[in-house]
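Working notes, beginning with the structure itself.
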Amino acid sequence: MEGLRNDGRRWNELRRIHCQLSTSSTNADGSSYIEQGFTKVLCNVTGPAEPSNRQRVKQDSATVSCEVYFAAFSGTDRIKRGRNDKKVQELQTAIQKTFSSIILTHLFARSEITISIHILSQDGGTLAACINAATLALIDAGIPMTDYVCACTAGQSTSIFDNEGASPDPWLDVNYLEESDIPSLTVATVGDSEKIVALSMENKVRIEALEAMIAVGISGCARVRGIMDKEVRRYGKEKLEAEGE
Amino acid sequence: MSPLTPEITLCPLPQTDGSCQYTCPTSRTTILTSVNGPLEVRAKDELPNDATIEVIVKPGIGVGGVRETRLSTLLQTTLKSLILTTHHPRTLIQIVAQIVQSEDHTSIPLLLSPLLNSTILSLLIAGIPLRTTGWSIHLAVLPANTPIPAAHKDTILPNEEGESAEEGAMETDEGEGREVIVRNPGRVLLSKAKSSHTLVFSKEGQMLLIESVECSEGVGGESADGQGWDIEEWLRIMRIAKGLCCGEGVEVVRDALGDRKIF
Amino acid sequence: MPKEPEISLTEKTFVLEALKQNLRVDGRDLQSFRDIQLTFGDDYGFVDVRLGKTRVLARISAEVTKPRPDRQFEGMFTITTEMGPMASPVFEIGRPTELDHTLSRLLEKSIRRSTALDVESLCIVTGKRVWSLRADVHFLSHDGNLTDTACIAVITALAHFRLPVVTVSGEDITIHSVTERVPVPLSLLHWPICVTFSFFGEDEGGDMVCAIDATAQEEALRMGDMTVTVNKNGEVCQISKSGGVAVEAEVLMRCARLAAGKVKVVDKLIAEALREDEVRRNKGNLDWLKEGKSENER
Amino acid sequence: MPIQIIAPAPFLSAEEEEEEFQVEEDEGGVPLDLDNDGDTAMDGVAASKRKQGRQAAGIVTPGEIVTDDPQWMRGHGTYLSSPTADGESQSIVSSLAGTISKTNKLLSIRALRFRYVPEIGDLVVGRILEVQTKRWRVDIAAPHSAALLLSSINLPGGILRKRTSTDELQIRTFFSEGDLLVAEVQTLNSDGQASLHTRSLKYGKLRNGYFMTIDAGMVRRMKSHVLTMNTSNGGGEVDIYLGVNGYIYIAKHTTPLTEGGVESKSVSITRLEEEASEAIYSNVNEDISPETRAEIARIGCVLRALVKANVKIDEEMLNLGYEAALEEFLEGFDWGSDTEAGKRVVDLALAKRRMG
């Protein structure tokens, strides 16, 4: 395999990203849809609005709450993930905490911003796609944030050091097959800076290889931001032209 | 500290109003109880002129099941008569008991008496108003001529007043020998018992709880075809238990609290 | 139970200011654990871990069951964690908090997913009988850093646990009681240990203040946290930084290396405690093979 | 409106994707006259070096430095970047995607889409969420639900007196849960929660009509937000309440209350008491002729079509849109959201405006 992966991509090639803003504009303040390869995620944002239950009200800032719904047909195994399924809970907490530090919550005291995410199809990098979709939906909802939050996955092809200690060559944006085969991690950065908001890795990796994977992940995030930014500007231009007349 | 007195550490848990770790030396059972109260109570279980007593028993192995609910109801009914609930109306007294160690996590008789003692001590430390203090003891009646290992010699109780423990044991080898009553037996002895009685007496001698169980197919089930007990034997057990709880029990509580210099 | 009361502003500024000057309220330096005390009980597979005021019990129990149809040759290993009002009034039975979910997911990823316990060694008769191990973690007192304490407790309990010897003759399986055959330890491939870092924002110099093993008060003030699970031969089993303040990649890598170092210290400490208990257990009661339970003096 | 997912754009192979990035860089975009802030001097490095503001058609996105010129005052939608170590002065960074608006030294960002932020004097349409002791909580699509005090509504029959406890007991006779009303924002409290009043005859309970919601930003602020249109093919007069908060109510025109009760014709505002009849809080709809219903539906569809094409709504656009819809002879009631017919109507309306 001279440097090509099973879906024909080179090691540093992102899967095709198609993103779209305000897909369902009537029932949500902001909405977005993103496709990264075959991972497809739909996101609706409502808020800042009256909080639904009382004790989650914070006096000096808005509370960000998140709900994630896995479509039963989204994965290879048709399982219905209920409300207190551990994986769903983990995703919800990760997204909620990521955006609580990014959104300027102090502007909307005692209100609630709800991010609801529907995962239509999973082909690896589910957490990354959810974070990107949430960023776009928040921008579409006009909720002030310090910067984009872009996420990307990175894997490491040679999981163990081959004997002559060749440096591990990391892969960018792993799909489901690669994710279940080689160790991989998801990293989310603030805009195209090097600052990491979220980092999650579930398999065993040598500590030396870790640095290379994170570096590749961050560069992937910068490029994802570029693509998302292009789409936001295109959408903005289209909206302004209509109004401009 | 004779080998019969329980090991008690008061207030091992800093976050609680009152807590106690209680280890019964003979039955090798360790219980850690924490008491929080009087606290804010959830609207749905609020009582107009009483404190609500919530008892949660957490098992050593596995998650709470039917056995734990049984234990917590036993505890709750006994404590209701001990705690002056009218002093703190519309509040919650929350008691959590964690079974730290036990020779057999599935046997209620083994766990009940240490649970009660540990909770009573925690309530005392937590400063919850009590009508009186109480103490609990678990007695098991073994059929005649059952071999008792040396280590457990001291847990045998004299059958009649005045008869010393040794004669009690001697008794057994004369053919028609009498049953032997053992206090806070371990798993092995309990499996040989005919019947098990857990009793709680207040220091004034009032009876708060009796939980008498025939052991034929209960714990272990190896015992002889347990015929349970007849009324005289039962009354004798009551008298012995009352003597122990009001005498020795009160002693232990006072010692435990005594070395708490803060009083 | 009412929500944990909010930290007062004066307390908050005091603690944060101290942290920014590399000082901690309890005098520790930012990169050190509180002292870890491991006490063992009578039977194998039980440990009581104390990390400062935080206290966690872990107990391993085993039973023989049929294996899962899709995993014929593997035993089963589950970890159950349940936080009750004993640990702190914030927790209520039956209503799992966010911490519950994060913690059980972390233990799942750190210990089960990273195959610390070789489940194939639990197999007695493929397809028919396997050992099903269960680790119960009880939280007795919560003064911060439940994750690391729970992980240390489970790993120590697993290392301390002894499995009864089983002989298979044809169809029937005989499980030898503790007194007939000396029970055999589990086959642990490696000891994954969690180290949790708390981030408190940037000090004057502009670099991120991060501390290990935060107390409950520090946990209430931190702006972000990250848990790295490493074993002593430098393999990172999992990392999870789920949100919170953004931190430079360089700082995260520094934390990971620091964690690797710290884990070696904790690893040694656990091994030491286990050896001590072994010595005490054998010396103390030669009547180990005699009738009844071991009666070691306290 | 069902979720609309447009087919993904044709797949650009990696190389094209790369150069498209480059091309984007140099294209000037709308030069922004941020006086001495030479931002267009973008060196050709890849997107990540784009710390300086890069404006394609005057749009900024979150995280983009708008200016680091200290003389600008920071307004809505921006924040100060934390002082970087090398002492570079703090720059104003945008926190929204939208266009920069500069009003004499105050720099703020107008977002493309945003949730309605109540201001004093806005005419809003709202729905009663909850009845409390002396007040109602009203949903007006704002961050906080608005409050309508019992003391700030007209009593039936226009009597002017202090509210007593009997009024409190009959509070549900005025408004109850789910009622629609039109009101004006009287005051705002500290965190922006509006409190409404309906103490004028043009405000009060809404009936005989159709309720719909559009984006808050799409309603242009006008002198009067209650338009009366005389519709053709026998539809009669129709009132359109264009709430600033994007809530819109299109109803059959009832003889305006200022001319007294539903029946009486006398015209005089001074004697408010006799004029506001008992019926201002009735929940009974009058019977509405099918023609009027058709016209109400047509106006609704026109509104939806205009919004779909991102055209802001004001009186002029609404009338032109209505005329265009008539010319198109569109029947049925949901052509607004389906883009084809809607697009035709909007283009026709825009053409009319250019001609007009």
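We just call them A, B, C and D in the order they show up, numbering each chain from 1.
Keep this in mind: a contact is a pair of C-beta atoms (placed from the backbone, for glycine too) under 8 Å apart; a residue touches a chain by one contact, two chains touch by 3 or more.
Predicted, not measured: the structure shown is a model, and the values here were computed from it.
Touching chain A and chain B at once are the following chains: C. Relative to the C-alpha centre of chain B, the farthest chain centre belongs to D. For this pair, chain B with chain C, the centres built from the Cα atoms lie 32 Å apart. We define each chain's centre as the mean of its Cα atoms; on that basis chain C and chain D are separated by 55 Å. Residue positions of chain A touching 2 or more other chains: 190.
Among the residues of chain B, none is found touching two or more other chains. The residues of chain C never reach two or more other chains; the list is empty. The touching residues of chain C, counted against chain B in their complex, run 1-2, 41-43, 46, 48, 53, 55, 57, 59, 61, 80, 82, 84-89, 93, 134, 136, 138, 140-143, 291-293, 295, 298. Contact residues on chain A toward chain D in their complex (touch as defined above): 10, 13, 16, 18, 20, 22-26, 29-30, 33, 35, 42, 47-50, 104, 108-111, 139-142, 144-148, 190-192, 222-223, 225-227, 229-230, 232-233, 235-243, 245.
Across the complex, chain C is touched by residues 55, 84, 86, 89-90, 93-102, 185, 189-190, 193-207, 210-211, 214-215, 218 of chain A.
Taken together, the chain D residues at the contact with chain A in this complex read 1-6, 8-9, 11, 14, 17, 21, 24, 46-48, 56-59, 61-63, 77, 79, 93, 95-99, 111-115, 129, 139, 143-145, 191, 213, 215, 309-312, 350. Across the complex, chain C is touched by residues 7, 12-16, 19, 28, 30, 32, 34, 36, 39-40, 56, 58, 60-64, 94, 96, 98, 100-101, 103, 149, 151, 186-188 of chain B.
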